[in-house]
Every structure is written in C-alpha cells, then in structure tokens.
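Both of the next two complexes hold subunit A, though its partner changes from subunit B to subunit C.
Let's look at the complex of A and B:
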C-alpha cells in the first residue's frame, strides 16, 4: 500500500508538471481544453467521495457546482467584492447548502437517497431559473467580473491548475485518513460498521458536505472561466454527466474519476465538431461501459495487467 | 389571491388540479410499478412519455385528424412504447438486475439520452399541437359553472386507471404474482414462477402507461423536445410523496402535486415549482418513506 501511494504521488507530480508545460506548446485551444478538463476533473473527484468512498449515489451533485458558480459570480460582480472574499464565501455557501440538503438525504439510503438528491438538485435548478433578478434566469448570469490578475487565458489556466491540485491533494488526504477508511467500511457494510460504534448517519452527512464543498470549488472556477453561469449547470442531466465521468474512470480508485472527466470531455468536444447528436453518442458509450466495462478505464487497465502478470 | 374567493374560479382551479393530477398519476403509476417490482429507477420514463406524445401526434396527422384518430393515436402510443420497452428489457436491462443500483440508474440514463436524440432525429425540434378529440371540443354545463370536456374526461380516465390497476393487482392471479415479486422474488422463483417473465411484463406495462400518459397529455401541452425533462422530476416527487411502489400513494401524490401546481401558480406566481418541493420536504420530514411507503430493509 505504501509503495502504491508513493507511485500515485510521483505519477500525480508528473501529471501536474506536464500540465504546467501545456502553455509552452503555443496552442490556445489546448490551454482552454486543459482548463476545462481540470475543472471537470475536480467536479468528478468530489462526487467520488460520495459514491466511491461512501456508496451513496447522488443524482443532484450539479446543485453544489451551480451554487458555487452562481455565488462566486454574484459576489464578484453584483457586490463587487474581491476574489479573496468571493471565492471562499461561495465555497462555504456550497458547503452549507450541502449540509442542509444532506441532513434530509442521509436519513434515507439507496434508491430513496438517489431520488431525494435528484429532487433537491432540481430545486436548486428551479430557484436559479425563477429568481431572475439575482441569477438572470434562463438567460444566465453573464459578464462575471473576473479579477485582472487571472483575466487572461494563461494566468487563469495556472490559477486553475493550482486550485485543482491543492483541492485534489486535500481530497486525497481526506479519503485516506481514518475518516475515509471508515467511509469505505460503511460502504461495504453499513450495519456492521454501525455495530462497532460508527455513527453512520453522521459520517455520511460529513461525506455529503465534503463532496458538496469541493463541487462548489469546481463551480467557482467554471463561472470565472466562462465569465458566466447558466441554469443548465444545475440541471439533472449535468449531474448525470458527472456521474458518467466518475463511472467511466472507475469508482473505486482515487484518480479514476479525473481520468474519466478527461476522456469524456475530450470526446464531447471532438464529437460536437461533427454532429449535434452528442447525447446519443454519450448514451451509446455509457451503454458499452455498463455492459462490458463495469469497473471503468482504471478497472480495464488493471484487468489487462493482471492477465499479463498471470501469463508471465 | 382574492380571485380564490370567486366560487366559479375556485371550481375551475380545483378541476384543473384534479385533471393535471390524474394525467400525472397515469404516468407516475407506471414508474412506481416498475420501481416496486424491478427495484429500478427508470429515468427513461419521461422520455417514454415524450415518445408517446409524439406517436399520438404522428398518428393523428397521418389519419388526417379523422373522427377517432386521437383514440387510435392513444392506443398506438401505448403499443409502441410497450414494444420499445420489451426490446430494451429483453435485449439489455435483464442482464443488469444482479448489478448495483448505480449501474441500473446509469443504464436508464443512457436510454434517456438515446431515446431523446432518436425522437429529435424523427420529429426534429418543432413544436406540435394535437387538437382536442372530436366530440370533446366543447364544455360540460354543471349548472353553476361550465368546464371543458377533455380535461374532465382526463379526471375520469385517471380514476378508471387507478381502480383498474387496483383490481388487477389485488383480485387477479397475475396481480398476486406481481405483488409477490415485490415481496420476495427468490421465493417466487422457488415456487416455480417464471420471474424474468414477470419482470418483462411489468416493464412493458409500466412503459405503456408512460406512452398512454404522454398521448393523453398531448392535447394539453405543446409536444416538443425537452418536454420529458421536468416531467420525470414531477413523477419522482409523486413517487417520493406517495412511497415507493404504492399505487394509492402515487394517486394521492399526483393529486397533491396537481393542487400544489395549480394553486401555486395563483398564490405564488412563478414559484409553483418550488412549492411542490416544499410540499415534498414537509411530507418527508413527517414520514421519511412517503405516505404509503415502508422503511427499506437493509440489504446487508
């Protein structure tokens, strides 16, 4: 396990260094793509705390992404507050929203939990849609006042890289702490974990808040990157999309979801150039994963590797 | 607000609420039936509803709006959706029952994406209107007020579907088998029952109800892409309020949502959707498993 963590650490450092070198390639397109992937990667990693580590299927995770995005945009633009206040405040708001929703959701499990998170997610969508004076309604909140020091494409990319790296490191520490291990125990057998004295409800609530907070961070980045927030970000299909990223990468590995986000997002951008029917492609990809690759890309790699190991 | 003091208006609002509620019930009862027996949340239920509305429009248009064409369209919608469900269940879904809930959830989500795009490929992005069927274009005179005939008929159809489903589930052999499948599928299989066939049957009937509900909704709403997206959430709210797998729960839940929506539009214009959620939360605080639901047993 130690050796494996060390390898993961070195691999991560290598990926971060490679990413930091992307702007030197001189392609604006690649810089934008990398920024978007980094944001979605963090979004997917945050969802995995809930799904991979605690086994709770949230179908309303986009809500906290959107709350982070809207709050950051409104604080920066409408209230003209500096980034150093707006961004943390937006992240805390996303966390508080998750704490409120989580209070209701963790009372239930499995199917009920999934449906309730979905309903709450759509409540956030409904509020964003109807509260026109604050959120801009279905026109979206446009013209976010992004601070000057991260105003251009390159500085924003580095800003995103730093925020996502630090956030991922924090998530990694959380997931590998005693808290994270206990979460896995609860996922594997809720009743048995309860018998040894774990307050499973409180633990799942904490996981819910952690997941929501980090989704909020991704949301703030997304709002500043696009210089706008749109109601679609809170829609349930967005929650479905990030679930697919997580599943595609592999639920039970820490960085799997980030890989899934990179693969799916790149696929989406490239397919959108050829056809407007991206959903049918996504649906088909998803069907293939479900029918043939239940453990995602990471699982596939592991399976191939163990097959080779057996032969050797 | 003060409009509610007007008895005619109040009558209208009440009738509209029931009519909307009954239309929602027909759709939601299919969802809850599938949920109760197969333990699968079918996200594609909304897409099936939309497909049903499109099939009805196409049938009416193809028959040139002749007398009875609407009802042929309604039957066609139920049949087409039943067939689609048969292919999906036999071809794909039945391999997933033993897998995690997440897998099944994502499977139905994939079906939403595929069915939605297929509908877009067939019918484009235009908005279609289905006229009220012949003989139901007028209104019924109650003496103190008049009410349009078609929405009134929806109320009747809703009650007929509810009573029919109840009779079928509680009085017939097949109904007993379906109820047994919600309780203990292994025992049912041990007793020599063909459980996979029961599953296929339930998925087909549930999806046909979505198609039926879509066709019946077609004269009420604009038939267009995206009409499925909010409907599926309304169905979820109904099922959560009523309790998973409960027929009368979804009946009450649908009525509650109908009233919340119709009166919400008058009392809190623009916020009626939020009112529906508040209603749901209130009921959940009181009964976490819905009005007629039971605490789920721990699967471990």
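Let's look at the complex of A and C:
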C-alpha cells in the first residue's frame, strides 16, 4: 500500500511538471486543451467522491458546476467584486446548494437517489434558464470580468493548474482519510457500517457536500476560462458526460476519473473537427465501457498487469 | 445479578403476520444466553429489534438501565451493544485489515475526520483483533475472497472492534463444518471469558447451545415459551412438544 501511494505521488508530480511545461511547446491550442482537460478532470474527480467512494450515482452533478460558474461570474461582473472574494463565495454557494439538495437525496438510495439528483439538477437548469435578469437565460451570462492577472491564456492556464492541483490534493486526502475509508465501507455494506457505529446518512451527506463543493471549484474555473456561463452547463447531458468520464477512467481508483476526463474530452474535440455527431461516439464509448471495461481504463491496465505478473 | 439488557412486551408484525408477540427477555451481566427455536420462530427479528435495525410496534428495549427503544443502530453500538450476523456481513472489496480498522475508526468517533489519513489509524489494535480471531495471516487479503469460515471469524472481529460489553451473535456457526464449529465455539468462549462479555446468541446446533449456554430461551411462532437453565429446558413439556420433539431426537 505504502509503495503504491509513493508511486502515485511521483506519477502525479511528473504529470504536473509535464503540464507546467505545455506552454513552452508554443501551441496555443494545446494550452487551451490542457486548461479544459484540467477543469473537467477536477469535475470528474469531484463526482467520483460520490460514485466511486460512496457508491451513490448522481445524474445531477452539473448543477454544482453551474452554480459555481454562475455565482463566480455574477459576483465578478455584476457586483464587481475581486476574485479573492468572488471565487471562494461561489465555491461556498455551490457547497451550500449541495448541502441543501443532499439533505433530501441521502434519504434515498440507489436509483431513487439518482433520480432525485437528476430532478434537482434540472431544477437548477430551469432556474438558470428562466431567471434571465440574473443569469442571462438562454443567451448565457456573457462577458465575465476576469481579473487582469489571469487575463491571458497562459496565466489562466497556470492559475488553473495550481487550483486543480491543490484541489485534487485535498480530494486525495479526503478520499484517503478516516472519512474516506469509512465511506468505502458504507459503499460496500451500508447496513454493516451502521452496526459498527457509523451514521451512514450523515456520512453520505458529507460526501455529497464535498463532491458539490469541488464541482463548484471546477465551475468557477470554467466560467472564467470561457468568459461566460451557459445554461447547457447545468443540463443533464453535462451531468451524463462527466459520469461517463468517471466510468471511462475507472471509478475504483482515485485518478481514474481524471484520466477518463482527459481521454473523453480529447476525443470530443477531435471528433468535433470531423463531424457533428459526437453523441454517437459518446454512446459508443459508453457501450464499450459497460460491456468491456467495467472498471474503466485503470481497471484494464491493472488486469493486464496482473496477467503479466502471473505469467512471470 | 444485574440485568444489562431487557425487552418488555416486544411486539412486531409484518403486514399482519406477527413475528414477535409480547416477548420479554432479560440478560444478566456475564451470562451466556442462547435463544433457540425452529426456523421462522423470530430469533433474527428479535435481534433486529434489540439492535435498532427494526422498529418495535409496541414494547420497549432497555440497555444498562437506559431505554433504547427507537434508537438507531449506530447509536446503540456506541452504547456498548454490538452484533454479528447470520449471513456474512462484511465489506467484500476491502481487505480483511480494513474491515476491522473501519470499525475501530468508527468506535473512536473518527468517521468524519476528513483530513486525517486513514491508513495509519488503529493499526496495532486491528492487528490484535485479527490475531485474536486467527486472521493475521490473511490481513491483506480481500475480504470477499476468504473462505466462508474465515469470513465468519472476520464478522466476529468486526463486532468485537466496537468494544461491546454485550455481544449478540446471530448463528455464529451457521454454514460451518463440524471442525470449524468446534474452533469457532472455542474462540467465542475464550473471548467472552477474556473480555468479560455478556453474550446473547442464536444457534441451530444443539450441541453448541447446550455446550456453552448458561440459560436458554425458546421462541416459537414469535412467542417466548420457555426461559431457564439448560437442564430444565429438556424437561419442559411444551418445549419438547414444539421443538425438541421428533425432528431433533432427544437432543
């Protein structure tokens, strides 16, 4: 276990260093792509606290991403507040929204839980859609006043890299904490966990809030990166996409979802250059995961490795 | 003697079917009390009612002088009342070590520590418990892949991790071979002795029941028809008629 953790740490450090070097390659496209991937990676990692660690599938995770995004955009632009206030406030708002919604959702389990997250997600979408005076409705909230020091693509990339790295480190700690370990036990056998003294409902609620808060962080970055927030960010298909990213990477490993985000997003932008039928590809990816990669890419790699180990 | 656990007029029905009818049972400190009865007599239901997994329709449960009726399981465990299950009830994809460690984390009230690394918590005590139930060699194995008898042992270690004063064991030897049963019973007796536990258990193996119980209560169709010393249970006409009779020979 210890050796494995150490390897993960070095691998992560290497990835962060490589990412930090991306701007030196001189491709604006690659810098933008890396920024987008980083944001989606954090989004997927946050969802996995719910799915992989606590075993609760959410179909409404985009709600907290969107709430973080809208809040940050509105506070920065409409209220002209500095980033140091807007961003934390937006993250807290996303967390509070998750605390509110989670309160109801954790009363349910399995498919009922999933359906309720979907219902609340669509509620958030409907509010964003209809509350034109604040959110811009279906025109989106455009012209986000991004602070000057992160105003160009390079500084914003580094800003994103720092925020995502720190957030991921925090998420890693939470997932490997006493809490994280207990969360896995609740996923494995909720009833047994109750009988060793765990308040499983409160534990799942806490996981919900953690997931929503970190999705909110990803949302604030996304709003500033695009200099706008659009209702599509809150739509259920967005929740579905991040769910597929998580599954693709592998929900039983901490970094799997980040890998899934990188692969799926890169696939999406590549496919979009040739055809507008991305949903067909997305559907195919989902099919392949469900039929052949139940534990995602990470699970596949582990399987191949253990095959070799057995033969050696 | 001091009564540590007591149900008074416990009643539970499921959609008209009465599973437990007016059961009043008490547990003296330090005793080993068996509950027997044919399948469907309501033994597991009674356990579920005592440990808060099911809600009583009427009646009450007292634990160490405190009314715990309607208290959720996770609170009851913290008061010092733990249980094991008839069917294997572990965390199948976690290691044996983690299965026990999580229970210790919960007992110490650390389940909500988001920023304390879980890996290094309660390692010594986890090892002690695994040593106690004879699972140290399998500590790093995935729990779901253990042999059945070993999973039962793990179940016991998880229950013990909560530091209970009263332990409820639901068919601790169910599904075990004769050899495994002998081992398991020896283990349970040792642990009960060493930790000064009070034991309430159900068991289908009459050899086991008469071997370790200080007192036996008999449930039949959800009703308590007898409660007394093992010697007397065999002589009770009602018990002989409904339970020990033909199907189990002279027991």
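Observations on the structure shown:
In this section, the second predicted complex is superposed on the first by the 312 of 312 C-alpha atoms of A that agree within 3 Å, B and C clash if a C-alpha of one lies under 4 Å from a C-alpha of the other, contacts with A are read in each partner's own complex, and residues count from 1 in each chain.
Criterion: a contact is a pair of C-beta atoms (placed from the backbone, for glycine too) under 8 Å apart; a residue touches a chain by one contact, two chains touch by 3 or more.
Computed from a predicted model, the values in this text were never measured in an experiment.
Of the two partner chains placed by the overlay, only subunit C lies in contact with A:203; subunit B stays clear of it.
In the superposed model, A:247 lies in contact with subunit B only, and not with subunit C. Applying the stated contact rule after C-alpha superposition, one finds that A:191 touches each of subunit B and subunit C.
Looking at the superposed arrangement, the partner reaching more residues of subunit A, out of subunit B and subunit C, is B.
By the document's definition of touching, neither partner reaches A:6: not subunit B, not subunit C. When the two structures are aligned on the shared chain, A:153 is found in touch with neither subunit B nor subunit C.
Once the two complexes are overlaid on the shared chain, A:182 sits against subunit C while remaining clear of subunit B. Once both structures are placed on chain A, subunit A residues 189, 191-192 are touched by subunit B and, in the other complex, by subunit C.
On the subunit A side of its complex with subunit C, the touching residues are 1-2, 5, 173-174, 176-182, 184-185, 188-189, 191-200, 202-203, 206, 210. Interface of subunit B with subunit A (complex): residues 35, 39, 41, 43, 92, 95-96, 99, 101-103, 105-107, 109-114, 116-118, 120-121, 229-230, 233, 236-237, 239-240, 244, 270-271, 273-274, 277, 280-281, 284-285, 288-289, 296, 298-300. The touching residues of subunit A, counted against subunit B in their complex, run 51, 57, 59, 104, 107-112, 114-116, 118-120, 122-123, 126-127, 130, 189-192, 235-237, 240, 243-244, 247, 251, 277, 279-280, 282-284, 286-287, 290-291, 294. Interface residues of subunit C, counted against subunit A in their complex, comprise 51, 53, 72-75, 77-78, 82-83, 85, 89-94, 98-99, 101-103, 105-107, 110-119, 121, 158, 161-162.
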